[in-house]
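Okay, so chain A shows up in both of these, paired with chain B first and chain C after.
Moving on, here comes the complex of A and B:
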């Protein structure tokens, strides 16, 4: 066992770790610019808290273990529930709305797949105490901004409103089996399964038309989709869902993000958790969704006074993968980038200069293994460092790698440009 | 960001390359749509179906190239092991694919499955020795099941409250009962002749199987115009 690591986790180092840290730092900085405060929930907490509204699937994926006093703990499988717990229990009397942004790793017992190990990284935001469409639109716009900041050029947000479908289910008054059959057909976009459902379920002609219209309720032509859905609205829940969606789309228009949004009222995978809009972020280079979010007005009430809430979580690993593919790169395994390797000869004056370059942001490694100049040049060549600075009494002499790989001394001003 | 309903089509690339290409050419631009077809049992019928709905299929199916573009380069076809088709499509390595429902359900892959196709009909069935067909199913506390479909077999028995011992094999499953390895088998039954030859009879149907058209979830949204075009063409001829 010694030296092995368990299935589903990974060591990130050098360039790969750097890109990951830089991406999460950029995303957090973006969230802060939009007024979202930082939050770092614990890596593990009581399993009951984390299960508050988790689907059966997510519950089965949680890593659980016993605390010394016999209570069941679990590693966080996502951030939304811990942040909702924080707001519900400790910040419920702080003025609303409250905005939080986070980034970190989460843990799920799943079969590793593209860009998702058993420990994987998420970055996201949650907004509490705002039920208005403007809040939903802001989260959508921030999702678009985050995808752009992450370096993705091509992507789409597929937006649904779960209440349209839940309203339809209520109007149809189905048995649990029938509603499972309808859900399954819609989730898998299966025409024959939908035909089977329609054949086997007694419905009024109005209800039948509403079900038959479902598969057509998607696309980039947002007004058309909403108008078509409106024609088949069977009750006030369905109408309100569309009204809400229309208001959110209007608010999103002011953020100038409608070009990235595709409507899909059959996007119902998180029925039972989301209570309003739900959405997924997709990019053509990734077969899996890169992020997902929506409105979840029922979660905070598990921990304190009820609060409307809306948020999004992006998969950092999938963002990195999609960005890499859009840039046409393969995974890069390079040592940490250095501007120079420095031989100071333990001169205080040399060290002082090194410190001033470091203060300017240059990356300098000081030789500590007693290498002489030719050994240092060989080491620099091996580790892909382009410049070696050697202290010669009163000043540094720079040895820069030429095109043929040999290091040539260049007198005069030291520069760190490539 | 994309503002059009579909992605820009790299219309150059494949079509232009064909003139001087060699079979050793390894890296090529990915066609806008990649279509995974199953080798083996479903290969000929799948190709015939695509031919009928006017999706031009490359004629040179024996080429050793892995991705075969159609005439205008808008669709690339890849012939894959049937068991790999759901995986290729779930990961988005292929946008669209054809496979059997048995393979799709056993794989558990999350894909859209808009259409079922009128071929590849058969049953995934439980079969047992013909002298005492369903005795093990009814009375054995822990019947041993030989199968190429461990996931579907385990689920079938679990749902009926039977704690079966599922023995995964990769072929000639009928040998299980013959050699005393298993009490029952779960396998594809087309005509039943293989079963009869081995003294087995069909006892229960686990799944009615036919071919199915599957689509990657992201491609379904991001390449909706092309994907819907394919679905419509296929729907028109089935």
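Moving on, here comes the complex of A and C:
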């Protein structure tokens, strides 16, 4: 006897699996309505391709294995790189911009924790060939839309622009060690580490003020944060980052999503990958990240002619968990919902009627184990099915669960609860 | 520059990916209407579990790799075993029968050929805890329904019952070599090999007649085939196999599917796995198998208390290919369908109208690269979009593609082609 499954993967079934399938279907349908075409990259491909711009952390988390010709394969740890590869190698001659939406599972060798599995589901979009702020704004708006479609009531997007910080680094002309120390302090939002950096690093007073101001450059009052940041801009890269943010925020206003956005210029975790905005979608109640995205203009060039690009990936497991917590529900095993259990007595006329109800979308389970009516009613009660339909000669008689749990026959027109 | 993908996997995108997603969604919806609950097993698990009853061939085709704790994992090569594991280990105390439906990709190291990839998609159902013929008939009927839902006009199900042949083997009391020779001849439908077997094997005249009759025991006239087989029944196992078939065919009649079924008692390829009926779904025009299924009452016992079981797995790639061939279409790259390209000028009022159309299900792409109207019309023509909506101050003006390819403005109510 065997049957354990590995740490970090899971079986989803019945109501839990249905919600997962329905959510991914709804997200894909949403992406399509915004003009994003479906894309399904392979579950595995060459590890080299998947590593094109992967951080050391992500590379360490990849599931690698050998193809029979000796080449190293890996399970996809995310969708952005495979889609960028597709665009770079096969679609660069098609008109731009190109928009893609996806949903499926990805694989990372991580330490499992609440809402974090080694196989987990992502749904997201990528837009290639559009460098304008309107493209960034659309991806932000679609992120808001996706979280709304997923049923989240409470969420926000923390938006950064990596070039404000990279401009600051350039202006400070730091040694690599100094640069790492500043980055470390800002990434971890550590005041003591920032104080250490300021004490140990010789800076002009203007530079010092810019570094000291950095931790305060965040908040929901976006024009105020941008204006404050502008006062500490030390070069054109920093100014252009702010100019870009201003234009994206203007475009986002037309999508009516500014109420969900918080600006944060200390959001620099993806330095080296993102080349413009980067953002994180958060569900405050649940206290965890639902997804992230940003502009990555350097990735496609690994595979073909360069293309500007912007996108977002949402964690389906996180969306489900956040929705469940916001609704005050807990996970429990619930059998698949049914509209009725049916005893047909193998009558073709009965089966035909069952089929016409199914064609209307009702979920009908036909009894196949030879249960008689009273056995079927007991089984229905046990599996929480509210109605049993029994073929009696020339028509169905409905037995509906009453308040006391007993089933009561009701002749006449058959109806289903919607 | 990199970007090759491994032999045997593929990127699906735009119209091709959409059709794949829509087909799997439709199949899952069909399964649900028949009372089959969703199930999503992991993409990989312990190779030992997946090997529970896997043939040597399937075991050789599994993608194996090591977990970091040294245990051997494998990508799932099919769904039946993981679902049987789930039922055996976690759901055996829940009421039976239990019905499950799934769709997703599976992985086999095979030689790629037309319609055969190393990552391919399966959709199917499994029913546990029902040994009665009605259960087999339901799975056959749902197979017919699924192929109809998939849009196949022309298909048939070749139905066998493995116990007729295993009963014959028992009756003949052959040596292992003789048994292999007979099996080989029947599996390959080889007349010379069968003649060799008959020449080299001492048999009673009754036994000889039963073996000689075997290749003829197939056809669409099911009662005739069963009656003919009955004349050569040598023991109760063979008679019970026919009795079981008769009962399943009776139950299948109430589903009105007998016109799609051909009986074939030489269908024995899955001896050792299936324990009752086994069947294959074929698309005659395309000349290939779309899927297969049968009864496998011995599998769940590998993981927990024994449960009778019957199911079917359909190849999504095969369904798509067969449908395409039956419709006389060929695969070509087609961008995602759009209802309109929209120039909003970043007007909040325009964006609001776009959102209300999207809420009605229309697919609208908003211009984000700053194209003006004439550039947008050229882009629309290039990407085969039939309508461009341009916000002109307080309302949209529609530009619709005329027969000559030019776009003509039409003021007034906006409409979309359905």
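Just so we're on the same page, the second predicted complex is superposed on the first by the 415 of 418 C-alpha atoms of A that agree within 3 Å, B and C clash if a C-alpha of one lies under 4 Å from a C-alpha of the other, contacts with A are read in each partner's own complex, and residues count from 1 in each chain.
Note that in this section a contact is a pair of C-beta atoms (placed from the backbone, for glycine too) under 8 Å apart; a residue touches a chain by one contact, two chains touch by 3 or more.
Since this is a predicted model, take the numbers as computed values, not measurements.
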| item | value |
| --- | --- |
| Partner chain(s) touched by A:61 [first = chain B, second = chain C, both, neither] | neither |
| First, second, both or neither for A:392, with chain B first and chain C second | neither |
| Touching partner for A:362 - first (chain B), second (chain C), both, neither | second |
| A:287 touches, of chain B and chain C: first, second, both or neither? | first |
| Touched partner set for A:155, first chain B, second chain C, both or neither | first |
| First, second, both or neither for A:135, with chain B first and chain C second | second |
| Which superposed partner A:94 touches (first chain B, second chain C, both, neither) | second |
| Chain B versus chain C as contact partner of A:383, first or second or both or neither | second |
| Residues of chain A that lie at the interface with chain B and also at the interface with chain C | none |
| Complex contact set, residues of chain C against chain A | 1-6, 9-15, 17-18, 20-21, 25, 28, 32-46, 48-49, 52, 63-68, 71, 73, 75, 82, 85-86, 88-91, 94-97, 99-100, 105, 107, 109, 119, 127, 129-132, 134-135, 137-138, 250-251, 253-256, 302-304, 335-336, 338, 344, 346-348, 350-352, 358, 361-370, 379, 382-383 |
| Residues of chain B defined as touching chain A within the complex | 1-3, 5, 7, 89-93, 111-116, 215-224, 235 |
| Chain A residues touching chain B - in the complex, by the definition given at the top | 113-114, 144, 148, 153-156, 158, 188-192, 218-221, 259-260, 262, 264, 282-289 |
